[in-house]
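Just so it is clear, A, B, C and D label the chains in written order, and each chain counts residues from 1 on its own.
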Amino acid sequence: MKDTEEIINALLKFRDERDWGQFHNPKDLALAINVEAAELLELFLWKNHDEVNKEKLKEELADVFAFAFLLAEKCGFDVKQIILDKMEINSDKYPLEKSRGTAKKYNEL
Amino acid sequence: MKDTEEIINALLKFRDERDWGQFHNPKDLALAINVEAAELLELFLWKNHDEVNKEKLKEELADVFAFAFLLAEKCGFDVKQIILDKMEINSDKYPLEKSRGTAKKYNEL
Amino acid sequence: MKDTEEIINALLKFRDERDWGQFHNPKDLALAINVEAAELLELFLWKNHDEVNKEKLKEELADVFAFAFLLAEKCGFDVKQIILDKMEINSDKYPLEKSRGTAKKYNEL
Amino acid sequence: MKDTEEIINALLKFRDERDWGQFHNPKDLALAINVEAAELLELFLWKNHDEVNKEKLKEELADVFAFAFLLAEKCGFDVKQIILDKMEINSDKYPLEKSRGTAKKYNEL
(Lines give C-alpha, C1' and ligand atoms only; values in the text may rest on other atoms or scores of the structure.)
Protein backbone atom coordinates (compact mmCIF):
# COMPACT_ATOMS: atom_id res chain seq x y z
CA MET A 1 0.00 0.00 0.00
CA LYS A 2 1.22 3.53 -0.75
CA ASP A 3 2.22 5.47 2.33
CA THR A 4 -0.14 8.36 1.54
CA GLU A 5 -2.93 5.77 1.68
CA GLU A 6 -1.65 4.43 4.98
CA ILE A 7 -1.66 7.97 6.37
CA ILE A 8 -5.21 8.59 5.22
CA ASN A 9 -6.43 5.25 6.54
CA ALA A 10 -4.94 5.96 9.95
CA LEU A 11 -6.53 9.43 10.01
CA LEU A 12 -9.94 8.08 9.00
CA LYS A 13 -9.79 5.39 11.66
CA PHE A 14 -8.99 8.01 14.30
CA ARG A 15 -11.80 10.24 13.03
CA ASP A 16 -14.41 7.50 12.80
CA GLU A 17 -13.68 6.03 16.22
CA ARG A 18 -14.68 9.46 17.56
CA ASP A 19 -17.57 9.94 15.13
CA TRP A 20 -16.07 13.24 13.98
CA GLY A 21 -16.89 12.79 10.30
CA GLN A 22 -20.11 14.76 10.84
CA PHE A 23 -18.06 17.93 11.55
CA HIS A 24 -15.58 17.51 8.69
CA ASN A 25 -17.19 19.46 5.87
CA PRO A 26 -14.73 20.98 3.37
CA LYS A 27 -15.15 24.57 4.61
CA ASP A 28 -14.37 23.71 8.22
CA LEU A 29 -11.48 21.47 7.13
CA ALA A 30 -10.05 24.48 5.28
CA LEU A 31 -10.52 26.51 8.47
CA ALA A 32 -8.76 23.80 10.47
CA ILE A 33 -5.78 23.86 8.10
CA ASN A 34 -5.49 27.61 8.69
CA VAL A 35 -5.76 27.27 12.45
CA GLU A 36 -3.04 24.60 12.50
CA ALA A 37 -0.85 26.52 10.04
CA ALA A 38 -0.98 29.52 12.38
CA GLU A 39 -0.03 27.39 15.39
CA LEU A 40 2.98 26.26 13.38
CA LEU A 41 3.74 29.89 12.52
CA GLU A 42 3.48 30.95 16.15
CA LEU A 43 6.51 28.79 16.98
CA PHE A 44 8.59 31.21 14.88
CA LEU A 45 7.05 34.42 16.23
CA TRP A 46 9.66 36.97 17.45
CA LYS A 47 12.31 34.31 16.81
CA ASN A 48 14.98 33.10 14.45
CA HIS A 49 14.78 29.63 12.97
CA ASP A 50 17.34 28.07 15.25
CA GLU A 51 15.45 29.02 18.40
CA VAL A 52 12.42 26.88 17.57
CA ASN A 53 11.55 23.80 19.60
CA LYS A 54 11.87 20.89 17.17
CA GLU A 55 9.45 18.58 18.97
CA LYS A 56 6.70 21.19 18.85
CA LEU A 57 7.52 21.87 15.22
CA LYS A 58 6.95 18.18 14.44
CA GLU A 59 3.61 18.23 16.19
CA GLU A 60 2.28 21.39 14.59
CA LEU A 61 3.41 20.41 11.11
CA ALA A 62 1.77 17.01 11.62
CA ASP A 63 -1.51 18.78 12.42
CA VAL A 64 -1.33 20.77 9.18
CA PHE A 65 -0.71 17.56 7.23
CA ALA A 66 -3.53 15.74 9.01
CA PHE A 67 -6.23 18.20 7.99
CA ALA A 68 -4.76 18.61 4.51
CA PHE A 69 -4.94 14.84 3.99
CA LEU A 70 -8.47 14.75 5.39
CA LEU A 71 -9.60 17.51 3.01
CA ALA A 72 -7.96 15.73 0.07
CA GLU A 73 -9.74 12.51 1.02
CA LYS A 74 -13.07 14.29 1.50
CA CYS A 75 -12.79 15.75 -2.03
CA GLY A 76 -11.55 12.52 -3.61
CA PHE A 77 -8.16 13.97 -4.58
CA ASP A 78 -5.01 11.87 -5.04
CA VAL A 79 -2.40 13.82 -3.08
CA LYS A 80 0.59 12.96 -5.25
CA GLN A 81 -1.35 13.68 -8.42
CA ILE A 82 -2.59 17.14 -7.41
CA ILE A 83 0.93 18.15 -6.37
CA LEU A 84 2.41 16.96 -9.67
CA ASP A 85 -0.38 18.69 -11.60
CA LYS A 86 0.22 21.94 -9.73
CA MET A 87 3.95 21.79 -10.45
CA GLU A 88 3.15 21.57 -14.13
CA ILE A 89 1.03 24.73 -13.85
CA ASN A 90 3.83 26.40 -11.89
CA SER A 91 6.35 25.44 -14.56
CA ASP A 92 4.50 27.77 -16.92
CA LYS A 93 4.20 30.54 -14.34
CA TYR A 94 7.85 30.25 -13.38
CA PRO A 95 9.91 29.42 -16.48
CA LEU A 96 13.48 28.46 -15.62
CA GLU A 97 15.27 31.33 -17.31
CA LYS A 98 13.08 34.01 -15.68
CA SER A 99 12.65 32.59 -12.21
CA ARG A 100 16.11 31.25 -11.43
CA GLY A 101 17.57 32.72 -8.25
CA THR A 102 14.78 35.23 -7.65
CA ALA A 103 11.99 35.12 -5.07
CA LYS A 104 9.70 37.34 -7.15
CA LYS A 105 6.10 36.32 -7.70
CA TYR A 106 5.15 35.22 -11.21
CA ASN A 107 3.21 38.42 -11.89
CA GLU A 108 6.34 40.47 -11.16
CA LEU A 109 8.77 38.46 -13.29
CA MET B 1 10.04 4.14 -3.60
CA LYS B 2 7.44 5.48 -1.17
CA ASP B 3 5.11 8.00 -2.72
CA THR B 4 5.87 10.63 -0.07
CA GLU B 5 9.50 10.37 -1.20
CA GLU B 6 8.49 10.72 -4.83
CA ILE B 7 6.56 13.88 -3.96
CA ILE B 8 9.50 15.35 -2.07
CA ASN B 9 11.95 14.46 -4.86
CA ALA B 10 9.74 16.17 -7.45
CA LEU B 11 9.45 19.27 -5.26
CA LEU B 12 13.20 19.43 -4.65
CA LYS B 13 13.91 19.10 -8.36
CA PHE B 14 11.53 21.96 -9.13
CA ARG B 15 13.08 24.06 -6.37
CA ASP B 16 16.68 23.36 -7.31
CA GLU B 17 16.21 23.98 -11.02
CA ARG B 18 15.19 27.51 -9.99
CA ASP B 19 17.84 27.83 -7.27
CA TRP B 20 15.17 28.67 -4.72
CA GLY B 21 16.69 26.66 -1.88
CA GLN B 22 18.42 29.82 -0.67
CA PHE B 23 15.02 31.36 0.24
CA HIS B 24 13.57 28.27 1.89
CA ASN B 25 14.46 28.73 5.53
CA PRO B 26 12.04 27.14 8.02
CA LYS B 27 10.46 30.43 9.13
CA ASP B 28 9.60 31.55 5.60
CA LEU B 29 8.38 28.04 4.73
CA ALA B 30 5.99 28.29 7.69
CA LEU B 31 4.89 31.69 6.35
CA ALA B 32 4.35 30.18 2.91
CA ILE B 33 2.16 27.43 4.37
CA ASN B 34 0.01 30.14 5.98
CA VAL B 35 -0.22 32.17 2.80
CA GLU B 36 -1.29 29.11 0.79
CA ALA B 37 -3.69 27.93 3.49
CA ALA B 38 -5.42 31.32 3.34
CA GLU B 39 -5.71 31.15 -0.46
CA LEU B 40 -7.41 27.81 0.03
CA LEU B 41 -9.68 29.37 2.66
CA GLU B 42 -10.56 32.27 0.38
CA LEU B 43 -12.27 29.83 -2.00
CA PHE B 44 -14.88 29.25 0.71
CA LEU B 45 -15.32 32.90 1.70
CA TRP B 46 -18.99 34.03 1.73
CA LYS B 47 -19.90 30.61 0.32
CA ASN B 48 -21.22 27.17 1.11
CA HIS B 49 -19.12 24.12 0.36
CA ASP B 50 -20.96 23.13 -2.77
CA GLU B 51 -20.32 26.48 -4.48
CA VAL B 52 -16.56 26.04 -4.55
CA ASN B 53 -14.64 25.56 -7.78
CA LYS B 54 -13.10 22.09 -7.53
CA GLU B 55 -10.19 22.75 -9.90
CA LYS B 56 -9.08 25.76 -7.87
CA LEU B 57 -9.51 23.75 -4.70
CA LYS B 58 -7.11 21.12 -6.07
CA GLU B 59 -4.54 23.77 -6.90
CA GLU B 60 -4.68 25.60 -3.59
CA LEU B 61 -4.59 22.42 -1.53
CA ALA B 62 -1.62 21.24 -3.62
CA ASP B 63 0.21 24.45 -2.70
CA VAL B 64 -0.36 23.85 1.00
CA PHE B 65 0.98 20.31 0.65
CA ALA B 66 3.98 21.46 -1.36
CA PHE B 67 5.29 23.83 1.31
CA ALA B 68 4.40 21.40 4.10
CA PHE B 69 6.46 18.68 2.41
CA LEU B 70 9.32 21.13 1.82
CA LEU B 71 9.34 22.15 5.48
CA ALA B 72 9.27 18.50 6.56
CA GLU B 73 12.20 17.76 4.27
CA LYS B 74 14.13 20.83 5.46
CA CYS B 75 13.76 19.65 9.07
CA GLY B 76 14.51 16.00 8.30
CA PHE B 77 11.06 14.77 9.35
CA ASP B 78 9.45 11.60 7.98
CA VAL B 79 5.93 12.75 7.09
CA LYS B 80 4.14 9.48 7.86
CA GLN B 81 5.99 9.10 11.14
CA ILE B 82 5.23 12.59 12.51
CA ILE B 83 1.53 12.15 11.67
CA LEU B 84 1.36 8.75 13.39
CA ASP B 85 3.26 10.15 16.39
CA LYS B 86 0.86 13.10 16.65
CA MET B 87 -2.14 10.78 16.52
CA GLU B 88 -0.74 8.93 19.48
CA ILE B 89 -0.49 12.21 21.42
CA ASN B 90 -4.03 13.08 20.33
CA SER B 91 -5.30 9.71 21.52
CA ASP B 92 -4.43 10.80 25.04
CA LYS B 93 -5.94 14.25 24.59
CA TYR B 94 -9.11 12.85 23.06
CA PRO B 95 -9.96 9.54 24.76
CA LEU B 96 -12.73 7.70 22.93
CA GLU B 97 -15.38 7.78 25.61
CA LYS B 98 -15.04 11.53 26.19
CA SER B 99 -14.56 12.78 22.66
CA ARG B 100 -17.04 10.68 20.70
CA GLY B 101 -19.52 12.77 18.75
CA THR B 102 -18.42 16.13 20.15
CA ALA B 103 -16.40 18.87 18.46
CA LYS B 104 -15.14 20.25 21.79
CA LYS B 105 -11.46 20.98 22.24
CA TYR B 106 -9.55 18.72 24.60
CA ASN B 107 -9.31 21.39 27.30
CA GLU B 108 -13.12 21.67 27.34
CA LEU B 109 -13.88 17.94 27.51
CA MET C 1 -17.71 62.06 16.43
CA LYS C 2 -15.01 59.58 17.44
CA ASP C 3 -12.77 58.52 14.58
CA THR C 4 -13.46 54.81 15.14
CA GLU C 5 -17.12 55.65 14.57
CA GLU C 6 -16.29 57.57 11.42
CA ILE C 7 -14.36 54.54 10.14
CA ILE C 8 -17.26 52.19 10.87
CA ASN C 9 -19.79 54.53 9.29
CA ALA C 10 -17.74 54.77 6.11
CA LEU C 11 -17.38 50.97 5.97
CA LEU C 12 -21.10 50.41 6.52
CA LYS C 13 -21.98 52.92 3.80
CA PHE C 14 -19.65 51.11 1.37
CA ARG C 15 -21.12 47.74 2.35
CA ASP C 16 -24.75 48.82 2.19
CA GLU C 17 -24.44 50.56 -1.17
CA ARG C 18 -23.44 47.13 -2.51
CA ASP C 19 -25.97 45.20 -0.44
CA TRP C 20 -23.20 43.05 1.01
CA GLY C 21 -24.59 42.93 4.55
CA GLN C 22 -26.30 39.63 3.69
CA PHE C 23 -22.89 37.91 3.34
CA HIS C 24 -21.31 39.42 6.45
CA ASN C 25 -22.06 36.84 9.12
CA PRO C 26 -19.51 36.65 11.96
CA LYS C 27 -17.92 33.38 10.80
CA ASP C 28 -17.24 34.64 7.27
CA LEU C 29 -16.00 37.97 8.63
CA ALA C 30 -13.50 36.03 10.74
CA LEU C 31 -12.51 34.13 7.58
CA ALA C 32 -12.10 37.42 5.72
CA ILE C 33 -9.79 38.76 8.45
CA ASN C 34 -7.62 35.67 8.01
CA VAL C 35 -7.55 35.96 4.24
CA GLU C 36 -6.53 39.62 4.43
CA ALA C 37 -4.00 38.98 7.19
CA ALA C 38 -2.33 36.39 4.95
CA GLU C 39 -2.20 38.80 2.02
CA LEU C 40 -0.44 41.21 4.35
CA LEU C 41 1.92 38.42 5.41
CA GLU C 42 2.67 37.49 1.82
CA LEU C 43 4.31 40.89 1.30
CA PHE C 44 7.03 39.77 3.70
CA LEU C 45 7.47 36.25 2.28
CA TRP C 46 11.12 35.38 1.48
CA LYS C 47 12.02 38.99 2.36
CA ASN C 48 13.41 41.28 4.99
CA HIS C 49 11.33 44.15 6.33
CA ASP C 50 13.03 46.84 4.35
CA GLU C 51 12.28 45.19 1.00
CA VAL C 52 8.52 45.51 1.36
CA ASN C 53 6.48 47.83 -0.85
CA LYS C 54 5.00 50.43 1.50
CA GLU C 55 1.98 51.28 -0.65
CA LYS C 56 0.92 47.64 -0.80
CA LEU C 57 1.51 47.34 2.93
CA LYS C 58 -0.90 50.24 3.51
CA GLU C 59 -3.54 48.56 1.37
CA GLU C 60 -3.29 45.12 2.90
CA LEU C 61 -3.25 46.44 6.46
CA ALA C 62 -6.28 48.58 5.64
CA ASP C 63 -8.13 45.43 4.51
CA VAL C 64 -7.38 43.69 7.81
CA PHE C 65 -8.67 46.71 9.71
CA ALA C 66 -11.79 46.95 7.53
CA PHE C 67 -13.02 43.44 8.30
CA ALA C 68 -11.96 43.71 11.95
CA PHE C 69 -14.06 46.88 12.32
CA LEU C 70 -16.97 45.23 10.50
CA LEU C 71 -16.86 42.22 12.81
CA ALA C 72 -16.68 44.49 15.88
CA GLU C 73 -19.71 46.42 14.61
CA LYS C 74 -21.62 43.22 13.80
CA CYS C 75 -21.08 41.99 17.37
CA GLY C 76 -21.81 45.35 18.98
CA PHE C 77 -18.30 45.75 20.41
CA ASP C 78 -16.70 49.12 21.16
CA VAL C 79 -13.25 48.80 19.61
CA LYS C 80 -11.38 50.98 22.11
CA GLN C 81 -13.06 49.28 25.03
CA ILE C 82 -12.29 45.70 23.99
CA ILE C 83 -8.64 46.60 23.43
CA LEU C 84 -8.35 48.27 26.83
CA ASP C 85 -10.13 45.33 28.48
CA LYS C 86 -7.76 42.85 26.80
CA MET C 87 -4.74 44.82 27.96
CA GLU C 88 -5.98 44.49 31.51
CA ILE C 89 -6.20 40.72 31.09
CA ASN C 90 -2.73 40.71 29.55
CA SER C 91 -1.35 42.71 32.48
CA ASP C 92 -2.08 39.73 34.65
CA LYS C 93 -0.65 37.25 32.16
CA TYR C 94 2.48 39.32 31.64
CA PRO C 95 3.44 40.96 34.96
CA LEU C 96 6.17 43.59 34.50
CA GLU C 97 8.92 41.93 36.47
CA LYS C 98 8.56 38.59 34.69
CA SER C 99 7.90 39.71 31.13
CA ARG C 100 10.32 42.61 30.73
CA GLY C 101 12.68 42.15 27.80
CA THR C 102 11.60 38.63 26.95
CA ALA C 103 9.46 37.40 24.05
CA LYS C 104 8.35 34.29 25.92
CA LYS C 105 4.67 33.39 25.99
CA TYR C 106 2.89 33.74 29.32
CA ASN C 107 2.73 29.98 29.86
CA GLU C 108 6.53 29.78 29.59
CA LEU C 109 7.36 32.67 31.93
CA MET D 1 -7.44 63.36 21.34
CA LYS D 2 -8.75 60.97 18.68
CA ASP D 3 -9.64 57.54 20.01
CA THR D 4 -7.35 55.75 17.54
CA GLU D 5 -4.52 57.76 19.09
CA GLU D 6 -5.65 56.84 22.58
CA ILE D 7 -5.62 53.17 21.58
CA ILE D 8 -2.13 53.42 20.13
CA ASN D 9 -0.81 55.31 23.15
CA ALA D 10 -2.16 52.67 25.51
CA LEU D 11 -0.61 49.89 23.41
CA LEU D 12 2.77 51.64 23.26
CA LYS D 13 2.76 52.17 27.00
CA PHE D 14 2.04 48.47 27.57
CA ARG D 15 4.76 47.51 25.10
CA ASP D 16 7.40 49.87 26.46
CA GLU D 17 6.84 48.97 30.10
CA ARG D 18 7.86 45.44 29.08
CA ASP D 19 10.63 46.56 26.71
CA TRP D 20 9.03 44.60 23.86
CA GLY D 21 9.70 47.19 21.17
CA GLN D 22 12.91 45.33 20.28
CA PHE D 23 10.87 42.34 19.02
CA HIS D 24 8.26 44.35 17.10
CA ASN D 25 9.70 44.51 13.60
CA PRO D 26 7.12 44.77 10.79
CA LYS D 27 7.56 41.16 9.62
CA ASP D 28 6.94 39.66 13.05
CA LEU D 29 4.04 42.07 13.65
CA ALA D 30 2.48 40.75 10.42
CA LEU D 31 3.06 37.22 11.73
CA ALA D 32 1.42 38.15 15.03
CA ILE D 33 -1.65 39.50 13.22
CA ASN D 34 -1.96 36.13 11.45
CA VAL D 35 -1.53 34.15 14.64
CA GLU D 36 -4.21 36.20 16.41
CA ALA D 37 -6.54 36.13 13.39
CA ALA D 38 -6.34 32.32 13.44
CA GLU D 39 -7.14 32.20 17.16
CA LEU D 40 -10.21 34.27 16.36
CA LEU D 41 -11.06 31.87 13.54
CA GLU D 42 -10.65 28.85 15.79
CA LEU D 43 -13.61 30.03 17.87
CA PHE D 44 -15.82 29.33 14.83
CA LEU D 45 -14.26 25.97 13.92
CA TRP D 46 -16.84 23.17 13.48
CA LYS D 47 -19.50 25.65 14.67
CA ASN D 48 -22.25 27.99 13.63
CA HIS D 49 -22.07 31.66 14.53
CA ASP D 50 -24.50 31.48 17.40
CA GLU D 51 -22.48 28.86 19.26
CA VAL D 52 -19.48 31.11 19.76
CA ASN D 53 -18.48 32.38 23.19
CA LYS D 54 -18.86 36.16 23.01
CA GLU D 55 -16.32 36.96 25.73
CA LYS D 56 -13.62 34.97 23.95
CA LEU D 57 -14.61 36.61 20.68
CA LYS D 58 -14.02 40.03 22.25
CA GLU D 59 -10.60 38.99 23.47
CA GLU D 60 -9.40 37.44 20.23
CA LEU D 61 -10.66 40.31 18.09
CA ALA D 62 -8.95 42.74 20.48
CA ASP D 63 -5.66 40.90 19.91
CA VAL D 64 -6.01 41.25 16.14
CA PHE D 65 -6.66 44.97 16.53
CA ALA D 66 -3.75 45.41 18.93
CA PHE D 67 -1.13 44.09 16.52
CA ALA D 68 -2.77 45.83 13.56
CA PHE D 69 -2.54 49.17 15.41
CA LEU D 70 1.05 48.44 16.42
CA LEU D 71 2.03 47.69 12.82
CA ALA D 72 0.28 50.86 11.61
CA GLU D 73 2.16 52.89 14.24
CA LYS D 74 5.49 51.22 13.39
CA CYS D 75 5.02 52.19 9.72
CA GLY D 76 3.76 55.69 10.46
CA PHE D 77 0.30 55.06 8.96
CA ASP D 78 -2.83 56.96 9.99
CA VAL D 79 -5.38 54.19 10.49
CA LYS D 80 -8.44 56.15 9.40
CA GLN D 81 -6.65 57.50 6.35
CA ILE D 82 -5.42 54.15 5.03
CA ILE D 83 -8.90 52.65 5.40
CA LEU D 84 -10.52 55.57 3.55
CA ASP D 85 -7.84 55.41 0.85
CA LYS D 86 -8.40 51.67 0.42
CA MET D 87 -12.14 52.18 0.09
CA GLU D 88 -11.50 54.57 -2.75
CA ILE D 89 -9.41 51.91 -4.52
CA ASN D 90 -12.15 49.35 -3.84
CA SER D 91 -14.77 51.69 -5.30
CA ASP D 92 -13.05 51.28 -8.64
CA LYS D 93 -12.68 47.51 -8.26
CA TYR D 94 -16.29 47.11 -7.18
CA PRO D 95 -18.46 49.61 -9.07
CA LEU D 96 -21.99 49.80 -7.66
CA GLU D 97 -23.87 48.48 -10.66
CA LYS D 98 -21.65 45.41 -11.05
CA SER D 99 -21.05 44.45 -7.44
CA ARG D 100 -24.46 44.99 -5.87
CA GLY D 101 -25.81 41.89 -4.16
CA THR D 102 -23.03 39.56 -5.29
CA ALA D 103 -20.13 38.15 -3.29
CA LYS D 104 -17.97 37.67 -6.37
CA LYS D 105 -14.38 38.87 -6.36
CA TYR D 106 -13.56 41.87 -8.54
CA ASN D 107 -11.70 39.74 -11.09
CA GLU D 108 -14.83 37.62 -11.61
CA LEU D 109 -17.33 40.47 -11.99
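Here is the rule we go by: contacts are C-beta pairs under 8 Å (C-beta built on N, C-alpha and C of every residue); 3 or more make two chains touch, one makes a residue touch a chain.
In this text the structure is predicted, and so the values were computed from the model without any measurement.
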Higher-contact pair (C-beta pairs counted), B-D versus A-B: A-B
Rounded Å distance, subunit B centre to subunit D centre (Cα mean): 26
Geometric centre distance via CA averages, subunit B-subunit A, whole Å: 2
Overlap residues in subunit B, where contacts from two or more other chains coincide: 23, 31, 34, 37-38, 41, 44-47, 103
Chain contact graph, described as a line, ring, star, complete graph or other shape: complete
Subunit A contact footprint on subunit D (complex, rising order): 23, 28, 31-32, 34-35, 37-39, 41-42, 44-46
Subunit B to subunit A touching residues, read off their complex: 2-4, 6-7, 10-11, 14, 17-20, 22-23, 25-27, 30-31, 33-34, 37-38, 40-41, 43-44, 47-49, 52, 54, 57-59, 61-66, 68-69, 71-72, 75, 77, 79-80, 82-87, 89-91, 94, 96, 99-101, 103
Residues of subunit B touching subunit D in the complex: 31, 34, 45-47, 103
